[in-house]
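What follows is a set of structures for review.
In what follows, chain A forms one complex with chain B and a second complex with chain C.
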Partner chain A sequence: MPEYESGTEYIAHHLGFLKYGQKADGSWGIAHTMEEANAMGFWSIHLDSMFMSLLLGVIFMGVFYFVSRKATSGIPGGLQNAVEFIVEMVQTTVKSTFFARNELIGPLALTIFCWIFMMNLMDLVPVDWIPLTAAFIAQDSHLYFKAVPTTDLNITAGFAISVFFLIIFFSIKIKGFGGFLGEFAFHPFGKWALPLNLIMEVPSFLAKPVSLALRLYGNLFAGEMIFMVIALVGLFQLPLHFAWAVFHILIITLQAYLFMMLTIVYLNQAHTEPEAH
Partner chain B sequence: MNLNATVIGQSIAFAVFVWFCLKYVWPPITAALAERQKKIADGLEAADRAQRDLNLAQNKAADELREAKVKSAEIIDMANKRASQIVDEAKDKARDEGQRLMAGAQAEIEMEVQRAREVLRAQVAAIAISGAEKILEASVDQAANEELVKKLASEL
Partner chain C sequence: METIQAFSVIAVALIFGLCGVGTALAFGNLGGKLIESSARQPELAPKLQVQFFLVAGFVDVISIIGVGVSFLIIFANPFLG
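On to the complex of A and B.
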C-alpha cells in the first residue's frame, strides 16, 4: 500500500479514473485531481477503463481466434478443450433459451460472457498491482488508474445499451414497427386498457438496460470496494483477502453468466410474439 | 459517477468484438464441435452395427457348423453303406470266381482223368495183348483182335 494520509484518501484515489477530456480552462488533457475530473463534461473518456477493456477483449479474442484457426474435430488439445468447453456451454445455454433462429446470438453471448468474465477477473488481481504498475510506467505516483473495467458504469452501460439497441432492432425486424409498438399498447390488458398498458410496459422495457448495467456495475463495484477496505487492515488482509477472493470467484462468474443469460432472454422475447390476451 | 464518451467507445469496441467473434471465432469452433459430435455418433453407430454383424455372423457360423455336422454324418453313413456294398460285391465276385475256378479245375481234373484213363486203357490193351501173346506164345493177328482188345479195354 503506497503512502496515503488516510484510508479514505486511499479509497478515494482508487476510485478515480484516468480521465481525458476538456478541462475547465478550455484546454484538453488528463485530469489530475478529482475536481478536474468532475468538471469534465460528457465528451471525456476513461482511458484506464477503455485500455483494460480493449486489452482484455483482445486477449480473449486472440486466444479464441488462435484456437479457432486450428480447431479440429479430432482429439482437441488442452487449450482447444478449454475453449470448446466454454463455447459448448454458451451454445447449450443459447439453444435452451433462444428459440428463434439467429446466427448473431451465439457469438454475442460468447463475447459478452468471456469479455465480462475477463474484466471481472481483474478484480481478483490484488487491488494495487495494476494501478502501481501503470503509475510506474507513467512515472507518476499519483496516477489515477482503475484496473477493473466493469467497476466503471460506462463500460457496463456500453454493454447494456448495445444489447438494448439489439432488442429494439430485432423486435422491429421480426414484428414490424407496428408490432413492436403494439406490444406496449395492447399488452398485457388488451386494447381497452391502453394507458394502463403503456404505464406498465414502457418502464419495464426501459428498465432492461438500466438493470443490466447497474447489476453488473453494482456487484463488481461493491466487490472491489471490499477488496480496498481489506487492503487497509494491514497484515491481516492476507487471509481476509483470500477468503473474499474465493467468494468473489463465484460472483464474477455468476455476474458474467447472468449478463449473458439475460441478454439471450431479452433477445428471445424480441424474437417471439407475446401470448395473446 | 457520470456517463461520458467512454460508453460510446465501449459500445463500438463491443460491436467490433461481436462482429469479429461472429465472423472468425464462432463458426470454426462450432463446426469442429458439430463435426466431432457427428464423428462420435457415427462411431457409436458403427460399433452397434459391427456388434449386430458379429451376432449375425456368429449365428450363421453356428448354423453352418450344425449343417456341416449333419452333412458329414450323412456322408459317413453313405460311405459306410457304400463300403459294405463294395465288400458284399467283392464277396460275391470272389465266390463266383472261386466257383468258376473250381469248376475249371474240376473240368481239368476230369479231362486229366479221362486222358489218364485213355492212356491206361491203351497200356492195359498193350499189356493184355503182350500177356496174351506170351500166354499163347504165338503171334496173334493184332489187327484181327483189335476189336476184341478195345472192347476189353473199355470195360476197365
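On to the complex of A and C.
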C-alpha cells in the first residue's frame, strides 16, 4: 500500500487517470506521473474508465440476456423479478413521455439507465478497494486508477454526444432537412424575426449535450470527492461513509433516471412538429 | 503562494455560502409547493412526488458541484501549480 505524505497528496493521486498515450519524448506508454499525463496530447486514452465501463456494460448485457433466456411465465425468481421491475419502470416512463412511434427508444432508454446506474454504483464501493486491487494486479504500488467511469468527463460527454447525434438524426429523418433547419429559423417568433430566432434557438440546442454531460459528471465527481475527503479522517470515517453513502444512493439513481428521462424528452421533441405561431 | 491560498479560501467560502442560499430557497419553494398541492389533491401525491424528485435532481446539481469544486480547491488546489 502506498504511503501518502499528506491528505492533499492522497486526493491528488486519486484524481489521476490510468492514461495511455504518446509521451513527450515520442514513445508510447502509460503515464506514471501527473506531469507525464498532462503532457500527453489528444492521442491518449483513459484505460481505467474504458475498462470499467466496458466491463460493466458486458455484465449488464450478460445478466439481462441470461434472464431473458431463462424467463418463465410462472413464479419468477429473485433475479427475474428485479429485471422485470426495471424493464417495466422504463416502459412506463417511455410510454408516458414519448408519444411518437419508434422501436429504438425503449431499448435505448433501458441501456442508458442500467449502464449509467451501474457505473454510478461503483461510487459506493469503498474508494480504495478497486484501485488497490488494480495496483496489486499490476504490481505497481503507485498506479493511477479511477474506479468510477462517470467521474471521467470523457465518458459522460460520450453518452451526451451520442444522444445529440441521435436527436439530429431523428429530427432530419422525421421532418426533413428543411424542417430541421426551419425549427431554428422560424420557431419562436415567426419568419420576420429570423436573426433573433437563431440567437435564441441555436445556443439552447447546443446546450443540451453540454448540460447532459456536465450534470452527470459534476454530481458524480463531487460525490467521489466527498468520499475521498471522508476517507482522510481516520477511524471515525466509517459512520460518515455510511451516512454519505445512504444519501448518495438517492443521487446515483436520480442521475441515471434524469439522464434517461431527458434523453426521452429530447428525442420526443425531435419527433414532434413544433406548434405553429 | 500565500495570496493564492488566501483568495482560494475566500472563494470556497463564497461558493459554500451562495450554494446554500440558492438551494435553500429552491428547496423551500419546491417542498412547500409539493405539500400545498398534495393537500389540495391527495390522490395526485404519488405522481407529484416523482416529479418532485426529478426537479430536486435539477435543483441540487449546482450546489453539489459547488461543494465538489470547493473540496477540490481546499485539498488539491489546481491554482497552486
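Methods note: the second predicted complex is superposed on the first by the 275 of 277 C-alpha atoms of A that agree within 3 Å, B and C clash if a C-alpha of one lies under 4 Å from a C-alpha of the other, contacts with A are read in each partner's own complex, and residues count from 1 in each chain.
By our rule, contacts are C-beta pairs under 8 Å (C-beta built on N, C-alpha and C of every residue); 3 or more make two chains touch, one makes a residue touch a chain.
Just so it is clear, the model here is predicted, and its values are computed rather than measured.
So if we stack both complexes on chain A, do chain B and chain C clash, or do they fit?
Fit: chain B and chain C sit side by side once superposed on chain A.
Using the touch definition from the top, say if A:Phe42 reaches chain B (first), chain C (second), both or neither.
In the superposition, A:Phe42 touches chain B alone.
So in the superposed three-chain picture, is A:Gly218 touching just chain B, just chain C, both, or none of them (first/second/both/neither)?
A:Gly218 contacts chain C only, not chain B.
Which chain, chain B or chain C, is in touch with more residues of chain A?
After superposing on chain A, more of chain A is contacted by B.
Which of the two partners, first being chain B and second being chain C, lies in contact with A:Leu54: first, second, both, or neither?
first
I want to verify one number. Taking the Cα centroids, what angle sits at chain A between chain B and chain C, in steps of 10 degrees?
Nearest-10 rounding gives 100 degrees.
Just chain B (first), just chain C (second), both, or neither: which does A:Ile251 touch?
The second partner, chain C, only.
So, does A:Gln22 touch the first partner chain B, the second partner chain C, both, or neither?
In the superposed model, A:Gln22 contacts neither chain B nor chain C.
Check the residue A:Thr97 against both partner chains and state whether it touches chain B (first), chain C (second), both, or neither.
Neither: A:Thr97 stays clear of chain B and chain C.
Using the touch definition from the top, say if A:Gln269 reaches chain B (first), chain C (second), both or neither.
Neither: A:Gln269 stays clear of chain B and chain C.
Rounded to the nearest Å, state the minimum C-alpha distance from chain B to chain C in the superposed three-chain model.
11
Touching chain B in the complex: which residues of chain A?
Counting only chain A, the residues touching chain B are 19, 21, 40-46, 49-50, 53-54, 57, 61, 64-65, 67-69, 71-74, 76, 83-84, 87-88, 91, 103-104, 106-108, 110-111, 115, 152-155, 157-159, 161-162.
Under the stated contact criterion, what part of chain C meets chain A in this complex?
53-54, 56-58, 61, 64-65, 67-69, 71-72, 75-76
Considering the complex alone, what residue numbers of chain A touch chain C?
7-8, 11-12, 15, 214-215, 218-219, 221-223, 225-226, 228-229, 251, 254-255, 257-258, 261
Within their complex, state which residues of chain B touch chain A.
It comes out as residues 1-11, 13-15, 17-18, 20-22, 24-33, 35-36, 39.
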